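Before anything else, here is the set of structures, which you'll find just below.
Across the two complexes that follow, chain A remains constant while its partner is chain B and subsequently chain C.
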Partner chain A sequence: MLEKEIIDKINKVLKSALKLNNNTLGDYLIKDKFIEWDSLKHITIIADLESEFDVLFEPEEIVEMNSSEKIVEIIRKKL
Partner chain B sequence: MAHNFFIFRNYTIEPLFDKIEGCGFSGYNDIEFPADFKYYVWFYLLPIRVNRATIAAEVDFFRKKLELVASNVTSSSILLCFTMTDPDPFSFVADDPVSEAIDTYNNFIFELANSNRNIKAMDFRSFTSKYSLRELVDSRHFYMSLVPINPKLAGDFSSWFEQKVNAVESIRKKCLVVDLDNTLWGGILGEDGITGITLGNTYPGNCYTDFQSFIREIKNTGVILAICSKNNTADVKQVFSNRDDMVLQFDDFSSTRINWKNKAENIVEIAQELNIGIDSMVFLDDSPFEREHVKTMLPEVVVPDFPKQPYFLVDFIKDVYNNWFQTYELTAEDTAKTEQYQQNTQRQKAIAQHHNMESFLKEMEIKLRISESNPVHIPRIAQMTQKTNQFNLTTKRYTEREIKNMLKKGYIVWDASVSDKFGDNGITALAILKVEGTTALIDSFLLSCRILGRGIETAFLNHILNHLFDEGFRTIVATFIPTEKNMQVESFYDNTGFNCVSADNTRTKVYKLELTEKLRSSELFGITLG
Partner chain C sequence: MKIHHIGYAVRDIEKSLVEFELIGFKKVGELYNDTERNVIIQLMKNDTWLIELVAPCNENSPIFSIIEKNNNTPYHFCFCTDSISQQIDKLRSNNYVIIEPAKPAMAFDGRLVAFLYHKYIGIIELLECKQ
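What follows is the complex of A and B.
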């Protein structure tokens, strides 16, 4: 999968989970910048990403995945 | 769904409800009943523990809590009670106490639902039975975040939940209109003849037989049946009278249109004859052409896609029932019972509000083990400052190193392990104080949300204040710093006897309390020092 495709898919998941307006954001989202992205929403995001990419994350990875940049890095290793 | 749901729960289930709008959640195991929700949802999951006897005891205890919650239900609100399931009936002994506890618990829910029209049973098995244990429970999320039901099921769950709520709302269709050829039986009557159409005990006839049996059960719940088919009436009547493998009988149908006219026109006539709206009809037909025609001409009629394979017919008709014909309507006898029940609950409520919460807490046998500046606890203490958002008065985040330094500088750190008769929650309450002369300043005060709603915060605070009083402290200074998430503790110090001495435009508030005597310590909790 191309880097761009991965990022687009990730952002699609994040924006839908966080109910964000598509146009207002760049390519990289950071957990700390969104009040909606709390520890509960994180669980939903992880589940959505796992379904989208058909992968499973380890707890250590789940804790690290706090920005779209980190998410790309971890997902790329699994594809 | 524009409804407001307030969910009583014992586990982290927010991810499961992520796709459902307008949900509020109780504290864990908290049964305080907030006003102004249309729907209250009782959703207690089987405790995930090893010891089966403890689980069974806890389930029994849930039943008592539910009884209390149920007594708060008014005629303008609805309580939806999830039944309990055991996704993993793993037991070390043959005689498993949990299964009996679950049966008693579920029977209690069904009895509640039968005797109060504002209480409805939600059979959770109808959701969980579609999944294997591994699909239903993701151990990672359980051990990481106490999320017992796999968050990946959130989408499926919201559809299931919506169906159940619609059923409660009785958004129910009145009439099921069916085609005949390749719908009630296999084959085409006009071509295959009365003996040629397939029904009976072997494939594919057995699919149609079961399909008919299911439709007959739907009729028995009060749904009107009608036939709309392009056939000769005489032939059709012969099928009903001559084929003894027909489950449905001709007089099961309240209205029939067996002719060669177009189906939309026939459906309108059926509606007129039965004196129902066409928006209360569901039409089943195997022909995509006929379905499309009816959908286009009569958009108010529900026309579900029909399965191509006969072996999907029963799954299909179950979905049809779940989507459009589920009901919670009650009989006259139930209604009479409901009135009795409501009188009883009003009586009980007057008593309940004063005593029950307290007696419940006593029954829980809650114990606080309070430690002062225990170096072994530092990692957990630092972790709590990092993770706790809701019940956190100042939301100051500290690392382990910072906590160590603070202890060196003379700060006092109190933590409390909270246990009840079902188990130990570990260190879940924390206070950090800075002391100067006879003044103590509360730098941090926080509780894990796992133990909220039991009055533990006040007992913990009072214990600390009494201890300080004994040590000669006379003035306590405290601060509330608002964040997006801690509004529930905005008035904590106001409610515990502190006086607000200043507030700035960021809504940060500073409080003072002069200690003149020891406070009465709580009788609800056993407090030990350790």
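What follows is the complex of A and C.
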């Protein structure tokens, strides 16, 4: 899968979960900058990403996935 | 899997348990301050229905955001399983995400519990109930 496809899919999941529109989406999203991205929302994002990419994340990876940059890095290794 | 109890997130456990007593629940066991999980727990029973009142110890508690969003609310069903590791493996292959891996729980005599999430179900708890 191309890098752009991975990023687009991740952004689609994050935008939907965090209810963002295109205009509010920067290059990278960081968990701590979004009050909506709490621990419960994080789990729903992980579930959506697992479904979108057909992968499973380890608990340690789930903790590390606190920015879209880190999410890209972890997913890229699994594809 | 057989249902063991319903988890009920509450902001103030002392006030909530008084109200649950008024509608027919009785305390089961003592109040547990589970510092490992950052929660305070009280089990209560009404006939065959067992509920687990869970209050946050502080803002870092895993249920703090649930209470902030929904106030006092039931938030999980707990299911008995003979082998928690096998059941987790099975659920993982059916798109459940592990919120909290299996570890001993004070309120259940040190038996193993784990929390998982499914996008179409929400949060469930597993409790190892070996015969």
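One rule holds for everything that comes next: the second predicted complex is superposed on the first by the 79 of 79 C-alpha atoms of A that agree within 3 Å, B and C clash if a C-alpha of one lies under 4 Å from a C-alpha of the other, contacts with A are read in each partner's own complex, and residues count from 1 in each chain.
As a convention for this text, a residue touches a chain if its C-beta (ideal position, glycine included) is under 8 Å from a C-beta of that chain, and two chains touch if they have at least 3 such contacts.
This structure is a prediction, so every number in the text was calculated from the model and none was measured.
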{"item": "Which superposed partner A:L40 touches (first chain B, second chain C, both, neither)", "value": "both"}
{"item": "Chain B versus chain C as contact partner of A:I62, first or second or both or neither", "value": "both"}
{"item": "Contacts of A:E50 with chain B and chain C, given as first, second, both or neither", "value": "both"}
{"item": "Touching partner for A:L2 - first (chain B), second (chain C), both, neither", "value": "neither"}
{"item": "Touching partner for A:L79 - first (chain B), second (chain C), both, neither", "value": "neither"}
{"item": "Overlap of chain C and chain B interfaces on chain A (superposed complexes)", "value": "38-41, 43-44, 46-47, 50-51, 59, 62"}
{"item": "Contact set on chain B toward chain A in their complex", "value": "12, 14-15, 18, 140-141, 143-145, 147, 150-152, 154, 387, 389, 484-485"}
{"item": "Interfacial residue positions of chain C with respect to chain A in the complex", "value": "62, 65-66, 69, 92, 95, 97-99, 101, 117-119"}
{"item": "For the chain A and chain B complex, residues of the former touching the latter", "value": "17, 35, 38-41, 43-44, 46-47, 50-51, 58-59, 62"}
{"item": "Touch list for chain A against partner chain C, complex", "value": "38-41, 43-44, 46-48, 50-51, 56-57, 59, 62"}
